[in-house]
Amino acid sequence: MMLKAVVLCGNPKPRSRTLALAEALAAALLPGISIVTIDLAAHADSIFAWPSNDMDELIAVVAGADVVIVASPTYKAAYTGLLKGFLDRYGPGALDGVVAIPVMTGASLAHAMAPEAHLRPLLVELGASVPTRALYFVTDNMDEVDRSVEAWVTTNARYLQATLGRDTGRHPSGA
Amino acid sequence: MMLKAVVLCGNPKPRSRTLALAEALAAALLPGISIVTIDLAAHADSIFAWPSNDMDELIAVVAGADVVIVASPTYKAAYTGLLKGFLDRYGPGALDGVVAIPVMTGASLAHAMAPEAHLRPLLVELGASVPTRALYFVTDNMDEVDRSVEAWVTTNARYLQATLGRDTGRHPSGA
Amino acid sequence: MMLKAVVLCGNPKPRSRTLALAEALAAALLPGISIVTIDLAAHADSIFAWPSNDMDELIAVVAGADVVIVASPTYKAAYTGLLKGFLDRYGPGALDGVVAIPVMTGASLAHAMAPEAHLRPLLVELGASVPTRALYFVTDNMDEVDRSVEAWVTTNARYLQATLGRDTGRHPSGA
Amino acid sequence: MMLKAVVLCGNPKPRSRTLALAEALAAALLPGISIVTIDLAAHADSIFAWPSNDMDELIAVVAGADVVIVASPTYKAAYTGLLKGFLDRYGPGALDGVVAIPVMTGASLAHAMAPEAHLRPLLVELGASVPTRALYFVTDNMDEVDRSVEAWVTTNARYLQATLGRDTGRHPSGA
């Protein structure tokens, strides 16, 4: 059965560099897998609306995925309120069975610990498995996205494959 | 000059127990000081709106305060997306000169570290001074609010007074 | 090839309840696998010694394991200095390829977030993969160890089995 | 009465750059105040010894101080095991009444959040008041110590002065 993979981006700006990074990571990590992208910037009006069909649909897509790349810019040394507002709609353990990959972008290296300090605990609390390291990327270096993504995949793809219990289609070069 | 004190509550439900706790703390800590209360539940529609006069006014009120009690229920072992979305509107260091007191409520003791792990770092990143301990309160015990608040004030009022450099009007009983 | 599994306990008291919990977890999770136990209480004198054959040997055992259960009592809302002193001997990424399971005991539920806030980030920084949730256990409930361990295994074993890329010998009851 | 000020350094290497930074901060912040320095590198053999007169004396010195600058290099994205082992000797709330200033050094900016994520919560758990920001310093820049210390003091001295309830002897230039 085909893997279900989602990129969830919590940047209030649409089509952000954070989203571009997350999509580059998805493409490198899961070649040949079609990725569903959720750009929360397009749904900001619904985040705090109850009830909301729009939100209900997105919530189901993420919870039903095998792999979710959860991406956020660094605001105040943490994930954005937009991302948290979306994830707050879940009950405890709602992402049980989902493998999540934390991805954050920031203006400087000074916030490189934000994914471990804040985003990973959030994903774990939701019940997701987070077997890999997080990816933190300084946005000044957008021309190095491919190299950073490649380095991350080389180190982490095996953890993802192991946790998923199946091949992601990603192989070390030459294999 | 009179102290400017604000209660900022990030519970998506209006007039929540979180807000009641924060107001009880404000009354006990700053007797005789009038408190401005911001219940973000009433402003959820504006959190992600740009520009927003509503938000601009609230942002200015909090940044102009001497003391801000920042209160949130525990959602997913952290502060709410509603509170974070509001605070994300600030630039770095925007709460410089403000003394902040982190307050969180939760369904169980299991999340008692959430204020230290997540809310305090957020307030410090914004530039606020956080000289006291945080107050975490299990909402099942609402009939013990007064006792919990009193115990907290007994331990922490001196730090607040010292940082403010002035008397808050709060004195140990009998003084 | 047989799995190499290690229990690493950072309690300054020898043969502690923390160690008992970690060993119970190892037995339930990896039946039939022989477990190497390192009780750091017996090695406290060597923690800060340079060089130390004693330490060099233990360091190699942990780094060479497939699975390490890293256990600590909660001291000051975090892991112990004894555990950290031992792990500080590693270079960055030295536990690359190791699957680590964070386990903490505490006197009350109030520190239940300590594994996520402090121990997991430490293991990730060392390069380990941490695909499961942490196990936090209140030591007053020692007669419930089996039940807690069983509940944890039921929820988390699948992440471990997959990460290890092989069957752990653990099957759901009835299988 | 004269302020009691202590520099507590948790670097396993004696007379480290971490200690030099902490002493430079003490001198700039508290001119004219004599500072007691505790370099834990000289006491590593006693950290896990019970009982220990050496430790009992140091424990009393820190707990009896008005201001403690608590300094650590960054090991594994956190404070050292040496520092934690020392602080683990305290009971809960033992630093009640002490104003603590978290200081960390690191090889790169990537761990700049370590003081907020790990060291500050530890000091707060011990009962200390931490009204200022932390100081994180990249050790490659040792020739910029004075400038960094000066910038920190300019931003943070007011919180310390007020908390201490007295003038620290520190005045803005020209005052």
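Per-chain numbering from 1; labels A, B, C and D assigned in written order.
By our rule, a contact is a pair of C-beta atoms (placed from the backbone, for glycine too) under 8 Å apart; a residue touches a chain by one contact, two chains touch by 3 or more.
Nothing here was measured: the structure is a model prediction, and the numbers come from that model.
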With respect to inter-chain C-beta contacts, which pair, B-C or C-D, contains the greater number? C-D
Farthest from subunit A in C-alpha centre terms, which chain would that be? D
Measuring centre to centre with CA averages, how many angstrom lie between subunit B and subunit D? 27
Centre-of-Cα separation between subunit C and subunit B, whole angstrom: 37
From the mean C-alpha coordinate of subunit C to that of subunit D, what's the distance rounded to whole Å? 31
Would you pick out the residues of subunit D that each touch at least 2 other chains? 77, 113, 116-117, 121, 125
What residues of subunit B sit close enough to touch subunit A in their complex? 12, 44-45, 47-48, 75-88, 90, 92, 117-118, 121-122, 125-126
Contacts from subunit D onto subunit B in the complex sit at residues 96, 113, 116-117, 120-121, 124-125, 127, 129-134, 155, 159, 161-165
Within their complex, subunit A touches subunit D through residues 77, 108-114, 116-117
